[in-house]
Amino acid sequence: MIEVEFRLARPGGFTLECGFAVPARGVTALFGRSGAGKTTIIQAVAGVVRPDAGRIVVDGEVFFDSARGIDVPIEARRVGYVFQDSRLFPHLKVEGNLRYGERRSRAAERRIGFDAVVDLLGIGPLLARRPHTLSGGERQRVAIGRALLAQPRLLLMDEPLAALDGARKAEILPYLERLRDTMGLPILYVSHALDEVLRLADTLVALREGRQVAAGPLAQVMSRPDMLPVLGRFDLGTLLDCEVVRHDAAYGLSTLAFSGGELRVPQVERAVGGKVRARVRARDVAIALAKPEGVSVSNLLPAVVEEVRAQEGPYADIALRVGETQLAAMVTRESVERLGLRPGLPVWAMVKSVAVEGSRPEFLDAGL
Amino acid sequence: QAQPALTVFAAASLTNAFQDIGKLYKAKTGQEVAFSFAASSALAKQLEAGAPAAIFASADNKWMDYTEAKDLTLKATRVTPIGNSLVLIMPADTATPVTFDASFDWLAFLGTDGRIATGLTDSVPAGIYAKAALTSLGAWDKVQPRIVGAESVRAALALVERGEARAGIVYSTDAAIAKNVKVVATFPAGSHPPVEYPFEIVKGQDNPATRAFFDFLTGPEAKVVYAKYGFVVK
Amino acid sequence: MLTPEEWTAVALSLRVAFWATFWSLPVAVLTAFVLARSRFAGKSLLDGLVYLPLVLPKVVVGYLLLLTLGGRGLIGQYLDAWFGIKLIFTTAGATVAAAVVSFPLTVNAIRLALEAVDRGLETAARTLGASRLDVFFSVTLPLMLPGILSGALLAIASALGEFGATITFVSNVEGQTRTIPLAIYSATHMPDGDAMALRLTLVSVVLALGSLLLASLCDRRIRVMIGRA
Amino acid sequence: MIEVEFRLARPGGFTLECGFAVPARGVTALFGRSGAGKTTIIQAVAGVVRPDAGRIVVDGEVFFDSARGIDVPIEARRVGYVFQDSRLFPHLKVEGNLRYGERRSRAAERRIGFDAVVDLLGIGPLLARRPHTLSGGERQRVAIGRALLAQPRLLLMDEPLAALDGARKAEILPYLERLRDTMGLPILYVSHALDEVLRLADTLVALREGRQVAAGPLAQVMSRPDMLPVLGRFDLGTLLDCEVVRHDAAYGLSTLAFSGGELRVPQVERAVGGKVRARVRARDVAIALAKPEGVSVSNLLPAVVEEVRAQEGPYADIALRVGETQLAAMVTRESVERLGLRPGLPVWAMVKSVAVEGSRPEFLDAGL
Amino acid sequence: MLTPEEWTAVALSLRVAFWATFWSLPVAVLTAFVLARSRFAGKSLLDGLVYLPLVLPKVVVGYLLLLTLGGRGLIGQYLDAWFGIKLIFTTAGATVAAAVVSFPLTVNAIRLALEAVDRGLETAARTLGASRLDVFFSVTLPLMLPGILSGALLAIASALGEFGATITFVSNVEGQTRTIPLAIYSATHMPDGDAMALRLTLVSVVLALGSLLLASLCDRRIRVMIGRA
């Protein structure tokens, strides 16, 4: 478990209060607007700032406990910290920067290899360069590599991918996922980008102006109605826990079963019977009154309208029931009227398979 | 007062005597006198650079000859009212009287690492005299490695006072005012050039005001002051 | 506590230290800027020249001043003839001596501070429409204030302690050029001068600690101001 | 016109060669992967780095011309530069930073007001703060404000929004658009984020490893097949130039006409007859063999399959012809087979209105 | 060109300057670090103490050294009795005098450089597993190298020029303590010493320019190394 619970007042009026206990496995995303206090939490966990009062415990080891007067020094916490500004050592070449933490780790604990990291981050050609000659994205890639090679037992990442281009991001994300999955390396991850969060996170801590709005498993937090202002409307969606039932190698598709039916998605790497998670964005769900025939949309699910929330603007939020699962859909108000959508009406939900998203590596090709 | 202050350049060793005389003079005439006390060499160089002093009182003849040769001071006004004698001193607690005869063994006197403190032997007058005296006594070559040259006679005195040096060669005036040293011998007058303090008026400053003080410096009231500080009054 | 004569020396020392610092500081800032930021043919020479007063015995520095700025000196004669400025024997001359001796220290301190200023900020200022000169005054100078303060402190401290160049250049005239160190020197040549030397030494120490305290107070405020607290 | 054409070699082997002439109106996006040379171009235009050879001319004024020995000093170029790292003055409070450039602008040229900028960027509460107490996003907002208030005639923005959260981004983007539209303030904009580029840019310059891959009007560049590796597959789409034909205030919808038919989109602010641009992502287009009835999807366009490009993986790219317009669609290979899609087949394209995206402020609510 | 006597002085000056710098530099780095990075009760006092040799007339500094480190001095007597270390009248003593006088300059230069080191980098190093000490040696020290170099240069320069404290503390013993400045001083006090003074002054200037040139070469390399070129 990672238990974080503290109070910290900054000169200037900002006060942060938070308290969450999340598994020391997988990725915990800290999500919130600029100035919400995300970096401050990361800093407290790393030991860079000292809370006024509280406790920080990672995996049973107490990092900080104001009541017991414990404050473990930064270097003894063994957290890898990727800073919002990359903070490369200007006097060392890229290679020296990468090796800095590696040299200081115990040889027995070196699970993350130098060459693997260099390859992945595409920084091979930069090894002999000086940090000030690097572009913004190059710098950040080196910073990530440096933190990884320090063989941390907890990785803190403060918007690590913000300076990276989409393709590079897409390349690095799976590696982070792999790290998380294969090494049991827990990650505290700050990001504004919901797609990153959804891809990576198992657990979500949402912050707003120094207050903790919600904390818990991703799916649970995402479906809370009070998250709407935090997440923004267009990212609303439904998370589905699924089991792999079939692979269709010829078409490169897999079939997933969830409590309300089946979904066809691009082939996942998990074996039949494995558990995976899928995300359906509300805006990617269309509604039909009768089962549509001859359409390219391959995921057609029988459903019942549960609730229609007409909202300002052109859109309406629809809650559908598919089996035991509630599925969010978003359609225009005009469509609600034209189709006569009302609670209790049996309909078909059309989900384009390409819009299925997941939080596991298997879904890499499906998402954004 | 109406008259501008008169500036007198004097060797640092004249500090006390001249200050007293300046006060006496002011009490008597109301004329303010300003002094600049520094090494004779520095003062000579300053005169050369055009320093507007009226009177130069050197601690040795060489620098007065220098200013004369450069036509900075008036040779005709030269007087040498006071002199000094050169003495060997030791810390009071270890002092033993010595006599400079042929049998005097300087090295035995200094012990294994004893030192003799004096002024720099090539530039500070007391040091120059000490070198001359030791040379004429036939001791220079033996003693030279043991000589430590201080920046001024005062510094040499301090080294002896503190017992850092086993002995020192200084002026009798200096020895007279020092607390923890004893004069153990006086160098014979013939062993070194006479220690003299020549005074001259600076060229272009020979006016009644300067003259008045210059005469006062060699007058009877001044001589009392000189004597008080241990100078040899001529 | 102190005799009037001693007070005179203390007051003079303070005046000399203040004015020496006051006049040399801007020149030092300029020199540091030129040395740190530009490349030209004679730069190494200028660099050497700046450090010269430090490396030479102060007596030699004083002697060189005497040769150049004395009443018959290379420059001094014209200063006197054209502007009526007399340096030898005067407080102004003592100030010059103190300024010259402290100059390398001041330049060095300011230069180090200048080199620590993030040039990216200067570039940013220029994109916002500020000319080089404007950037210097609105960005560079404020950011190097701690260095300037440190330089000023060094200047004041070394001016308070300056002896060799002063006595050689402008002699030892009470009320004009006899600063604390010169007074201490004179005192050691008086039979009963030990007490006076000790008193003046203590005054030096107190002044030094005082200016340090002042400087560290200023420093804290400046650092808060420029956000490097 | 903004004419940029130069060669610049960096120590370490990187050489940038580019040459483009884009209108000195609207937003020109510099797009490319990390290390492609985007920042270098911006720096050359600002005068921060000097090209080895070439010309840079903005709106008739020569900034740089190696042949004629012209190199206008930075401050005389009057470009507002938002740096990748914010570069706030640490010795000035936030207000002092904002006023810095404003004070140095000519009073007659002050078109951008202090209060408006402060309001927009939400930095009112920060005015009395020192930069080092700001969070990463706060810093960047102040940096944007500072550049705007310098009343530049050309704005250079180097990933200005990378550190901002989605909501803040969404708030600032329209203001940038408004600046661009109402003040004729041209913007050179570096971004990795395709959605930003698509929202803002009129013109696109694509770079790859120091070489200019393409330069020209956004729509034109976006549809070039050689852009696929630059853009990434899932962002492929079609840009449609449309005219507003009707507003439907009751439903909050507008109808747009393009050469192939009509689209219903959330209400746009432009008057009837106005020109707007819409973007349809290939993944948001589904295909039906017959006109679907009773579906929430309100944009149904008759089309003809022009080309079916089966690709590796589960997907196939389909080119549809809708009137005179080519529309890209992306479906699974399984669907291609199931529906028997082949060139010449008449079909219906289903475009969810909520997926319509545009490059004008009118489409703010429609996009991501 | 130079007389053997002068060569001796030059060689001695170089030795003294080198060893004074060599020994004082680590202490200066430590002192600067403590002054710049820690807060404790007597800090202002330590600060004052460090600057004292600068603010006091060098002759007084020499005298204080004599009182403390002389053969009968407070500390000196034990140095001699217990370790057989004699400072007075020896080259070692001249080195100590030079080191003490240059100490404030060195500390100041290093301190300014230290304050310019981005503490964010130090934090980053600690998150990478480096202890405070390790951070100091692997990050802080390399980044402040230009300041240390500048401090060393100041130390060498002021050691080459040191006169007052040296002559007061260890006097003028040829081959032992007679450095260039002492030789120059002597020369200027001889009516016919001008030529010698000039020669030695030139040697000083050449040494100063030489060490500057060396320093600026080092500086360039260091700056390239630490990426601040």
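As written, the chain order gives the labels A, B, C, D and E, with residue 1 at the start of each chain.
By our rule, contacts are C-beta pairs under 8 Å (C-beta built on N, C-alpha and C of every residue); 3 or more make two chains touch, one makes a residue touch a chain.
Chains and their UniProt names: A, D = Molybdate transport system ATP-binding protein; C, E = Molybdenum transport system permease.
Everything numeric in this text was worked out from a predicted model, so none of it was measured.
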(request) Please find the path from chain B to chain D through touching chains that uses the fewest steps, and give that number. (result) 2
(message) With a step meaning a move to a chain it touches, how many steps does the shortest path from chain A to chain E take?
(response) 1
(message) Based on mean C-alpha positions, I'd like to know which chain lies farthest from chain A.
(response) B
(message) On a CA-centroid basis, which chain has its centre farthest from chain D's?
(response) B
(message) From the mean C-alpha coordinate of chain C to that of chain E, what's the distance rounded to whole Å?
(response) 20
(request) Would you mind pulling out the distance in Å between where the CA atoms of chain A average out and where those of chain C do? (result) 60
(message) Rounded to a whole Å, what is the gap between the Cα centroids of chain A and chain B?
(response) 90
(message) Averaging over Cα atoms per chain, report the distance between chain B and chain C in Å.
(response) 34
(message) Can you list every residue of chain B that touches 2 or more other chains, as numbers and ranges?
(response) 42, 45, 155, 158
(request) For chain D, jot down the residues that touch at least 2 other chains. (result) 85
(request) Hunt down the residues of chain E that sit against at least two other chains at once, touch-wise. (result) 59, 164, 185, 188, 228
(message) Per the touch rule above, enumerate the chain pairs that touch, sorted by label.
(response) A-D, A-E, B-C, B-E, C-D, C-E
(request) Sort out for me which residues of chain C touch chain B in the complex. (result) 59, 63, 66-67, 70-73, 76-77, 88-89, 167-169, 171-177, 185-186, 188-192
(request) Please name which positions on chain B make contact with chain C in the complex. (result) 7, 9, 12-13, 15-16, 19, 34-38, 42-43, 45-46, 48-53, 152, 154-155, 158, 176-178, 229
(message) With touch defined as at the start, can you tell me which chain E residues reach chain A in the complex?
(response) 118, 120-121, 123-132, 134, 138-139, 142-143, 225-228
(message) For a test of understanding, state which residues of chain A touch chain E in their complex under the given definition.
(response) 46, 48, 73-75, 77-81, 83, 85, 87, 89-91, 100-101, 104-105, 130-132, 146-147, 150, 156
(message) If we count contacts the way the header does, which residues on chain B are in touch with chain E in the complex?
(response) 39, 41-42, 44-45, 62-63, 65-66, 115, 117, 120, 122-124, 147-151, 155, 158-159, 162-164
